[in-house]
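There are structures below to look over.
One chain, chain A, links the two complexes that follow: it is found with chain B in the first and with chain C in the second.
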Partner chain A sequence: MTDLSFTEEQRDCLQELINVAMGLASDKLARFLNTFVHLQVPAIGLVNAAEIPEQFRGQYQGLHSSMISLGFFGDGGLRGETILLYQLENAGKIAALLGYDDDATSEAEMLTDISSILTTTFLNGLAEQLDNSFSYAAPRVISSRDNDFISKLEQTAFHWQLALKVDIRYELTDYSFDCNMILLIPGEAVLKLKTILDNVLADF
Partner chain B sequence: MNIDWLSGPLLQQLNSGVILLNKQLQIIYINPYICRRADIQLETVQGKDIFSVFTDAPQAWLSRKLNSVLSLQSPAFSSWEQRQYLFKLPHLRPVSSANQYMAQNCNMLPLTDPATGEQYVCLLIEDATDAYVYQSQLQQSNLQLQQVNRLDGLTGVLNRNYWQQQLEVEVQRAGRYQHPLSLLFFDLDKFKRLNDDYGHQAGDVVLIEVARLIGSLLRETDLFGRYGGEEFAIILPDTPLEGAIEVAKRICRRVAESPVVFQQQRLMTSVSVGVSQFNTAITADELIQQADLALYQAKRNGRNQVVTYHPGLIDSLKKVKS
Partner chain C sequence: MALTALICDDSLLARNQMKKSLPAEFDAAIVTATNGLEALTVLRSQEVGVVFLDLTMPELDGVGVLEAIKAEKMDVFVIVVSADIQPEMQKRVMDLGALAFIQKPVNTDKLSAVMRQYGLI
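So, the complex of A and B:
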């Protein structure tokens, strides 16, 4: 079986590229959302996708959470899915954050809107760092105000072997808002990613 | 091979809508798919503000989204599941779909003219009416199935299973908000004899008619269910004992004075009713037991009457058993 795990060099390189992408995203988001955005340096870890539901069970136990998924395709066989998790307490702040002043926007729509903004802004930055470009599928609401979102996450995580887990915390001056983002990358795409990282490393 | 010629005919014949806007959200291009459905000419709308052409579009929300595409240079999306349509366009299933407008999925993409560096936003619109129609039909049948699943097939009142679930809900609610809650249990008197004398069809007709009559005496919020054979139960939310006794007496009186007509015969019937009231010290099961006990006592007292539960009933029942 092919080894999907990263070398220390590859991991450091990816961490650095993600940090840069985060910085780009944080700058763009701050200008778009008209508020100072502080993006904490994310914790990055490669984990077995099957372990993720259990990790989140501990972290989100008993909380009503909403889960939004967004898939992406890049060149060179790179593809994956991002999952954003929101705690319900934050959902009400999103309308103000997005500048929606009409009542016609549903909570599900606000969640998909903010998710596509957060995800694509970060992924575009990452694609740029990897000398790639991504195309995106429309975001889907996997679970909304759901206590049992873990079992839905289990069904989703089942399709993926290895997951790159990125925990992002967004801190906004005028709003207290945070969410978790998980980036899931399937096995063969992880191999492509390793090749891409090796190329980046070779250029240094 | 040069395929520069491709994009022209493709845009002409594409089975999706394409709308190109500049940074001021003015129309640069609309493909025939949209022009034909919206009954507009490209020449007459070119350069106009998108919202002056599509006046029904959700302006505040959509312009915010389009601006996010331009300023973040990231795509945005709109799905029919969250917002059925952006633009009021007709669809090609006017007969089979009750919905007037095309359900739409929309991709909003940032584009840059390589020659000038000018930035644009492009809306790609797909017809999702079929998915919308299927989903509506599915929801409709799910709703029907759910209803059938909750009702008693013969009388149309709630079935025992659903009625008991509702009792749990109401008991919790009454406990939480300190609201009164009462329960009626009733039974058709001498129903077995009616079945023996006139046949089961007559028995069914009596059950249906009595349930209909009692249903007409209740409020919208009362929960009326069939507990078993000829036994029924009613949850009276927000009702103290006195109110419940009044309802029970009215039911008793009206059933006794309303004969059921079956094959030109007037069948006289009556009910015995047991009443109990919820308090925070008892469970839903105990509430049922108390109403049932009162009903039992009403039968013993000679039927066609209302008995209210009181703790003494337990002793009198013990005496009967010994």
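So, the complex of A and C:
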């Protein structure tokens, strides 16, 4: 069996690349919303994709949540799917900041826009540091106003081997909201990622 | 006597990147810290000429370090090296007395230019 686990050096390397990508994403978000984003060290965790649904059950149990998927495809077989997960009540706050009128726009449209801002800027920043470039599938709302999204998460996670969990807290000047970003990566892309990280590490 | 330079960053990769990005002609003893509290311990216990300071760190962040340096009137150059590139953050650290702000990943030319400007090389 191929070893998909990361060494401590690889994990530290990935954490730092993620910090830099978060910095780029927060800067975009701050400029877009004309506010200040307080950056914290995002908690990352690498887990077996099959364990993902159980890990989020407790946090989101019984709450209306929004779950949006975005597929990404990079060079050299680096690909995967990101899932942005947050409580739906937070969506209202972001929508207000983005100037959405409750009636004018469909909820699905609003949710995909938010996902695009939070996820795509982050992934672009990550890709740039990996000397890669990502293209994206159209975002897909997997679930909203749905208490049973865990089963949907199970169906999605089922296709992948490794999950990179990134817990992010966006703290803006006036309020804060939490969201979870999950990068689901297939086994061969994990190997590719490990090789890239080793190359980055070898440079320093 | 050679200068002592402190590299403060919670990431081993970032500390190594920083070390390697320093100009060859920079004659200094390098010490490291992995968060703001460790950095302050170093700064209070020995003479340090320049700090390369990350901002987003556990325990105590870079802004906290700058505030302590200012409050305790420590005589040290601070060059902020951070991924948090928001204009407001850059202004905040410069207002707190940082010499310069360098965006991560470190550009060696920019770093050399800043260090030359302040007579560090």
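Here, the second predicted complex is superposed on the first by the 200 of 204 C-alpha atoms of A that agree within 3 Å, B and C clash if a C-alpha of one lies under 4 Å from a C-alpha of the other, contacts with A are read in each partner's own complex, and residues count from 1 in each chain.
Rule of thumb we're sticking to: a contact is a pair of C-beta atoms (placed from the backbone, for glycine too) under 8 Å apart; a residue touches a chain by one contact, two chains touch by 3 or more.
Here the structure is a predicted model, which means the values were calculated and not measured.
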Contacts of A:Leu98 with chain B and chain C, given as first, second, both or neither: first
First, second, both or neither for A:Phe204, with chain B first and chain C second: second
Partner chain(s) touched by A:Ala49 [first = chain B, second = chain C, both, neither]: neither
First (chain B), second (chain C), both or neither touched by A:Cys179: neither
Which of chain B and chain C A:Thr112 touches, first, second, both or neither: first
First, second, both or neither for A:Val190, with chain B first and chain C second: neither
Partner chain(s) touched by A:Ala138 [first = chain B, second = chain C, both, neither]: first
Chain C-contacting residues of chain A that also contact chain B: 31
Partner chain A, residues of chain C touching it in the complex: 10-14, 16-17, 19-20, 55-58, 82-86, 88-89, 104-105
Residues of chain A defined as touching chain C within the complex: 9, 12-13, 15-16, 19-20, 22-24, 26-27, 30-31, 36-37, 39-41, 129, 200-201, 204
Partner chain B, residues of chain A touching it in the complex: 28-29, 31-32, 98-102, 104-106, 108-109, 112-113, 116-117, 120-121, 124, 136, 138-141
Chain B to chain A touching residues, read off their complex: 58, 60-61, 64-65, 68, 71-79, 81-83, 105, 107
